[in-house]
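In C-alpha cells below, several structures.
After this come two complexes, each holding chain A, first together with chain B and then together with chain C.
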Partner chain A sequence: MSTETLVATGNKAHSHGPGSPVPLQARSERPTSYDVDVFPVPNGREEEWRFTPIKALKGLFEDTEPTETPKIDASGPERVTIETVVADALKVLTPQDRPSAIAWKQSPSALAVRIPNEAELTEPVHVNVASLGGRGYTHLIIEAGRHSRGLVIIDHTGAGELASNVEIKVGDGAELRVVSIQQGDHDSLHLAQHDSLVGRDAKLKHVVVTLGGKVVRINANVRYAGPGGDAEFLGVYFAEGGQHHEHRLFVDHEATNCKSNVLYKGALAGDHARSVWIGDVLIRAAAEGTDTFELNRNLVLTEGARADSVPNLEIETGEIEGAGHASATGRFDDEQLFYLQARGIPEDAARRLVVSGFFNDIIGKIGVPEVVEHLHEVIETKLARTAELSASAKAALGQ
Partner chain B sequence: MTQTAHPELEGLGNYQYGWSDSDAAGAVAQRGINADVVRGISALKSEPEWMLDLRLKGLKLFDRKPMPSWGADLSGIDFDNIKYFVRSTEKQATSWEELPEDIKNTYDKLGIPEAEKQRLVAGVAAQYESEVVYHQIREDLEEQGVIFLDTDTGLKEYPELFQEYFGSVIPVGDNKFAALNTSVWSGGSFIYVPKGVKVDIPLQAYFRINTENMGQFERTLIIVDEDAYVHYVEGCTAPIYKSDSLHSAVVEIIVKKGARCRYTTIQNWSNNVYNLVTKRATCEAGATMEWIDGNIGSKVTMKYPAVYLMGEHAKGETLSVAFAGEGQHQDAGSKMVHNAPYTSSSIVSKSVARGGGRTSYRGLVEVAPGSHHSKSTVRCDALLVDTISRSDTYPYVDVREDDVAMGHEATVSKVSDDQLFYLMSRGMAEDEAMAMIVRGFIEPIARELPMEYALELNRLIELQMEGAVG
Partner chain C sequence: MATLEIRDLHVSVDTENGPKEILRGVDLTIAGGQTHAIMGPNGSGKSTLAYSIAGHPKYNVTSGTVTLDGEDVLDMAVDERARAGLFLAMQYPVEVPGVSVSNFLRTAKTAIDGEAPKLRTWVKDVNKALSDLDMDSDFGNRNVNEGFSGGEKKRHEIVQLELLNPKIAILDETDSGLDIDALKIVSTGVNRFAEKGDKGVLLITHYTRILRYIKPDFVHVFVDGKVAEEGGAELADELEANGYERFLKAAAK
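And now, the complex of A and B:
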C-alpha cells in the first residue's frame, strides 16, 4: 500500500482538547436554588424561557422590594388551621427560576393551610389571592396530614404583577385535591411555581384552570416521598387574543410503584392567543414499577392563534409498568362546521358543541361542582366573544 | 441458546467488524487541525481556488462555533488527537482485483463484492479512510446519464454542477461539525439522476475507518432531477482501538419537482467512534424524501436527518431505528421543516436500549408562517429490556402557522415476563425469545430495508441481544 501524508507544521494556535462542557443529561440537572443570583435575568434563548414573552415580565425579573402586598386570605372548616408562618417552614419547594427565587426572598412569611391527620373535610378550603395593581409576591403552604382528605381551591384575581410559590405536602395515605384558578384582569401578569410532595400511598389531584391574565406561567413539579403515590395533573386553559397561557410540568419519579397522569386541554381564539405546554417526566433508575402517561390537546378556534406542545420523557430503568405521552393540536375546521350546519345547527351553536365536546372529559375528571359550574360559564362567555369576533371579521370581508 | 444450534453466533456479543488491517498510512498522518492541514488536503486533491476558500472558511467557523449545548456528552473528543486526512491507496480501483490485498479482504469480509456480483445493487462505492478506493456503476445507468462518483472526482469532472449545489442545503457554518466537515471533507458519493430516470435497484456505498484516532469526513451530494427516483444505501464499520475515532459526515440531497429519493443507512461503527453527522434534504413541489436510518454501532451518535419541504405537497418521511448496548448513546431522531402549504411529514422511531445503553429520540418539527394545511405525525416507541438502560424522548415542536394538524405519540415499554413465558413454553431459549420480541418490535422498519440489509439488521440485533438476559 502506498502512503502519502501531510507534513506536520506544528501550528497550534488553538486547542480543542477533550473536556468540552457536557450538556445537561437529564431534566433533574437543571439548577434549583433559593439564591436569586443562581438564575441570571433571562434573554429568551434559554430552554425554559424560549416560549415566554420575557419583555412583558421585566418587572418580575428585578430583585427589588415589592410595590404592594397582595391580598391573601383563606377560610375553611374549623378543623383546618390557617396561620402565617416563616417562609422556610416546609421547604418542599426549591425555586427553579429567577421569579420564583425572588418571590421566595421577597415574601419573608407564608400562609399555611394545614389539614390535621385523619381529618376528612366535607367543605373545601378557599384561598383568595388578589393583586391590587402593583408588583407583589405570595407564598402559600398546603399540608394534608396523614390519612386526611381535603379540597383546597385557590382563586387568583386582580390587576397587578404577581409571582407566587405554592408548596403542597400530601401526608402518607392522604387524599388531597388542589384547584388553582387564574382569572386575573386582561393586563395582569402571573408567574407561579407549585411544588408537590406526595407521601406513601397518598393521592394528589392538582387542577389548574387558567382563564385570564395577559401572561400566566405556571411551573408545576411533583416528587414522591414514598412508594405507592398517585398524582393526577389536570389543566384547562382558554387563551384569547393577546393572552399567553403557559403551563410547565415536571414529574420526577424516584420512589417505586408510583403513578402519574397528566391531562391538559386548551382552546385558543383570537389574534395572538398563545398557549405553551411543556410536560417533562423523569423516571429515575430506582423508580421501578412506575406508571405514567401525559396527554395534551389543543383546539385552535380562529386564525392567528398558536399552541406549542412539548412532551419530554426520560427513563432510566426498564422495570416500569408503562410510560408514554401524546400531544396534538387541531383546528375547529370548516368540515366539522359544515357537518353540523348541514344538520340545521347554526354556527354559534356548532362551535359551542365542538368546544364543549372537547372539554367534556377533563371537566368530568375535575369533579368539583363549584369549579365546573364556573368553568362552563366562563367558556360560554368566551365563546360568545369568539362568535362576535368571527362575525365582525366576516362582515369586514363582506361575506 | 445452545452454541451448536447457532454456530454463527459462537464467540459473539463481540463486535464482528473489529479487526484492523496493517496501518502504514494512518501511522504517519498528522494529528490535529489547522489552516496548513486544510491547505494540504486541498493541494493534494488539486482543487479549484473556491473550494480551498470554502474549506478555510469552514475551519474558521469550526474554531468559532461552540460545542452543542444540548444532546450527548461529547467531552471525550480530543480534536487535537485526531488524524484529519489519511490516504490509503494511490489511485482508485475500478476492478476488485486491483485493490490492495488488505483493503480487498476488508470489503470481502463485509460482503461488498458479493452484493455487486449478484447484481443486488446498481452501483458500488467503497471508502477506506479518507478516500473512495473502489467504484463501479452499471453501464446502462451510465448511458442514461446517471452520475455516481466519489465526491472528489465529482468536483473534478462536473465542476459547474458541483459548485451550484455544494453547500446549498447545509451552509458552511450550519453547526460546528458541518463546519469541520467542510474544512477537511474527503470522499463520499456524488450522484446525479437526470430528469425522469428511475434507478430501479439501489446505489450502494460502504465506509470504513481503519486507522486509530482517524476522523472520517465524507461528503455526499445527491441531486435527483424532476420526476426521477433513486435509492442510495450506505453502511459503515470500523475496527476497535483503545482510543476514539470521529466520523463527521455531511450529506446534502436536492430532490426536485415530483422526484423521490430514498436514503438508507445502517450505521454499525465500532463502540469507540463518535458519529456526529449532518444530513439534510430539500424537497421541491410534489417531491418525496425518505430517510431510513439505522443506528446500531458507535459510542455516541448524534444524527437527525432533516427534510426541508420547500414546495407545495412535498413530503418527508423518516423511519429511524436505534439500538444502544453497553456504553453506547444513540441520540437520534429527525427534523422536518414545513416551508410551504400542503406539506406533510411523518417520523416513526423505534429504539431498544440494553446493558446500560441509552437511546434518545430527539426530533424537531417546524412549521413556518404561511405553510397552511401542513400535517405532521411523530410516533416514537422505545423498548427496554433490562433495568439499567435508559430511554428518552425529546420531541421539539415549533409551529408558526395556525392552520396545521400536529400529532405526537410516544410509548416506552419493557419486554414482559408474559411474552417471554409464552415463547419459552413453546420451547424457545430465553435469549432467543428476547431476540424474537425485539425483531418483531423493529419489524415495521426492517421491512423497508433492502433484503440483505434487513437480514444484516436482524443479525446485528441478535448479536446485540446475546447475553442480554440471565
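And now, the complex of A and C:
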C-alpha cells in the first residue's frame, strides 16, 4: 500500500485532513458507541488503525445491509440454552470502532449461549461460524451463570468478509473458558470485538487462536463487575505470506483485588506476513490490590515478515499487588538450528522442534485437548509450507 | 577402525574487512582408540577447527579435506556429519526454549540411529547417563540448556556423548569453567566413552588441568592456525611448566 493511497483515502473521509497529528489520548478516553456515525471511516493515521491495512477493509467500513447471513451451527450439552435473542439483551459490549458499530446495527438479533447457574459442564459448547463468501455480521452472547463452569469454542471458517461482536458475561464465582479460532480462507476478512465482564470472584480464560484469513483483527476487552475477578487472555497466531493478524487487548481494572494475565505468542513466515499486538492495561484509581502482567513474544522465521508489538500500562494507583509487561520479537536463531543439527536432527525437524518449543508453554496453558491437537496439526502444516518456500528460494539463488 | 583425517585444511571467516584466514593448513589424523589433545593459546584457531569439522556455517573451508572413514565430511550437511559419527561437545551449548531435555535426547537418538529407541531400555539408559554425570533425573523435564549453570551445560554435553555414542568425539574446551569436582565427573564420562573401544577423542583445551584425568596419546600444540609441534603426553607436561611462550616467540619470528 503506498502513502499516496493512504492520504487520498484520508482526504475524502476524515475531518482532520492529511498530516494532522493524532492527539495523544488516554485509553479510557477513547469513544465507544452504538451509533455508527460516531466513528468516521478510518484513514489509517488513527492510533487504533495505523497498523491495519485499511484499504482491504473498505467493505466493512460501509454502513450497508449484509450481503449474506453467515452460517452458524451451535451445539452443546442439554443444560445449555442456545437461542436467538434481541441484540440489546445483554449490552456488555459497546462498539469501539466503526466495523463493530456497523455489525451491531446490522445484526437485529444475537445468538445467546447461556450456561445456567451452578451448572458444571463436562462437554464444550461449539459454535461454528462459516462465512459464505459475502459480507456478513454476527452477534454472539455468552453468559455463564453464577458458580457455573463451562467451555465455549467458537470456530470461524469460510471465505467472506465478517464483522462480529462477542459479549461474554461471567457470573459471580463462575469459571468460563472461551476459545475463539480464526481460520478463514486465504482471502477472508474478519474483524471482531470481544467484550467480557468478569463477576465477583469469577474466572475467565479467553483464548484466541488465529491461523487463517487475509486480515484478522480482534479487539478483546475485559472489565470486572466486582472484586476478586481473574481474567487470563491467551493468544496464538501464525501469519504466513500476505496474512495480517492483529490482536488488541484492553484490560480495564476498576474493581479491587482483581487479576489479569495476558500471554500472546506468534510466529511469522513468508513475504509480507504481518502481526500486530497491542496490549493496553489500565489500573484505575479505585482498583487497589490489582495484579496484572502481559507478555507478547514473536518469532520471525523468514525475511520479509514483520511483527509490531506495543504494550501499554496506565497506572492511577500505587496500591497494587503487581503490574508488569514484556514484549520481544526475535528472529529464528540459527545457533539453535546448528546445535540441533549437530546432534543429527535434520534441518526441517530441527526447525519444527524450535518452533514447537516456542509455542510449548502457551499451548500447555490453553488446556483444551481438541484445540491443542488442531493447533499442533496446523503449525506442522504451516512449517512444512515454510520449509518448501525456503527450499525453493534457495534453489532460485542457486545455492 | 574409525579414522578422521584432516589434510591441509584452510578455513576463513567473513569479517567487515573481507575474509580472514584462521586455519592455515591443518594436518591431523585421529584413529579409533586414540585420544588426541589440541592445546594452544587463545585465538590460535582451536575452536575454529572444532566448528569447521562440525560444519558451522560461519566458517568457510577454502581448501583441504576432512574425511571420516574415507567419506568426504565437508560435503555433508551438519546433521549428516553427526549421523556419520561425529560429535562436537560445545564450549557454549545453546539454549532451546520449550524443548525438554528428554524430548531432545530422544529426537537426536532417533535421528542418529534411524529408528526410535526402545522405550523401556531408553528411559533406563537416559537415567543412567544422567546419574553417571551426577545430574538429577528430573533434568529430563527441563528445557535444553535453559537456566543451566555452566557446569550443568558441560555435563549435559557429555550425557549426549554417551547416549549418542559417536565414532569420533570432539570436545571443545569442555573443561573451561568447571570446578574440580565437575571436571572429574566430566573426565570420567569421557574416559568411559573412550574405553568403549574404537572411539576417537579430540580434546581441545587451553589448560593442562583436564589432562590429569584424561590421558592423551598425542598432544598437538596449535599456534596461529596450524599445528606447531606434536608429541606425546610429555609435551603437555612441558606446557604445564613453561606455558606457550616458546611457541608464541617462534611464531612471531
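Throughout what follows, the second predicted complex is superposed on the first by the 374 of 399 C-alpha atoms of A that agree within 3 Å, B and C clash if a C-alpha of one lies under 4 Å from a C-alpha of the other, contacts with A are read in each partner's own complex, and residues count from 1 in each chain.
FYI, contacts are C-beta pairs under 8 Å (C-beta built on N, C-alpha and C of every residue); 3 or more make two chains touch, one makes a residue touch a chain.
Please read these numbers as outputs of a predicted model, since none were measured by experiment.
Asks: Which partner does A:349 reach: the first (chain B), the second (chain C), both, or neither?
Replies: second
Asks: Applying the touch criterion given at the start, work out whether A:285 contacts chain B, chain C, both or neither, answering first, second, both or neither.
Replies: So A:285 only meets chain B here.
Asks: Between chain B (first) and chain C (second), which, if any, makes contact with A:389: first, second, both or neither?
Replies: In the superposition, A:389 contacts neither chain B nor chain C.
Asks: Per the contact definition in the header, classify A:159: touching chain B only (first), chain C only (second), both, or neither.
Replies: neither
Asks: Once the shared chain is lined up, is A:359 touching chain B (first), chain C (second), both, or neither of them?
Replies: Second partner only.
Asks: Name the contact category of A:89: first (chain B only), second (chain C only), both, or neither.
Replies: Neither partner.
Asks: What's your read, chain B or chain C touching more residues of chain A?
Replies: So, of the two partners, B touches more residues of chain A.
Asks: With the two complexes superposed on chain A, say which partner A:378 touches: chain B (first), chain C (second), both, or neither.
Replies: In the superposition, A:378 touches no partner, neither chain B nor chain C.
Asks: On chain A, what residues does chain B touch that chain C touches as well?
Replies: none
Asks: Which positions of chain A touch chain C when the two form their complex?
Replies: On the chain A side, the touching residues are 333-336, 338-347, 349-350, 353-354, 356-361.
Asks: For the complex, which residues does chain A have touching chain B?
Replies: Of all residues in chain A, those touching chain B are 1-9, 11-25, 47, 285, 288, 300, 303-320, 322-331.
Asks: Within their complex, state which residues of chain C touch chain A.
Replies: Interface residues on chain C, with respect to chain A: 54-57, 77-79, 81-83, 87-88, 90, 93-99, 103-104, 107-108, 111-112, 143, 160, 164.
Asks: Please give the residue numbers of chain B that touch chain A in the complex, ascending.
Replies: Per the touch definition, chain B meets chain A at residues 22, 24-25, 28-30, 32-37, 40-41, 44, 63, 67-80, 85-90, 100, 102-103, 353, 382, 384-400, 402-414.
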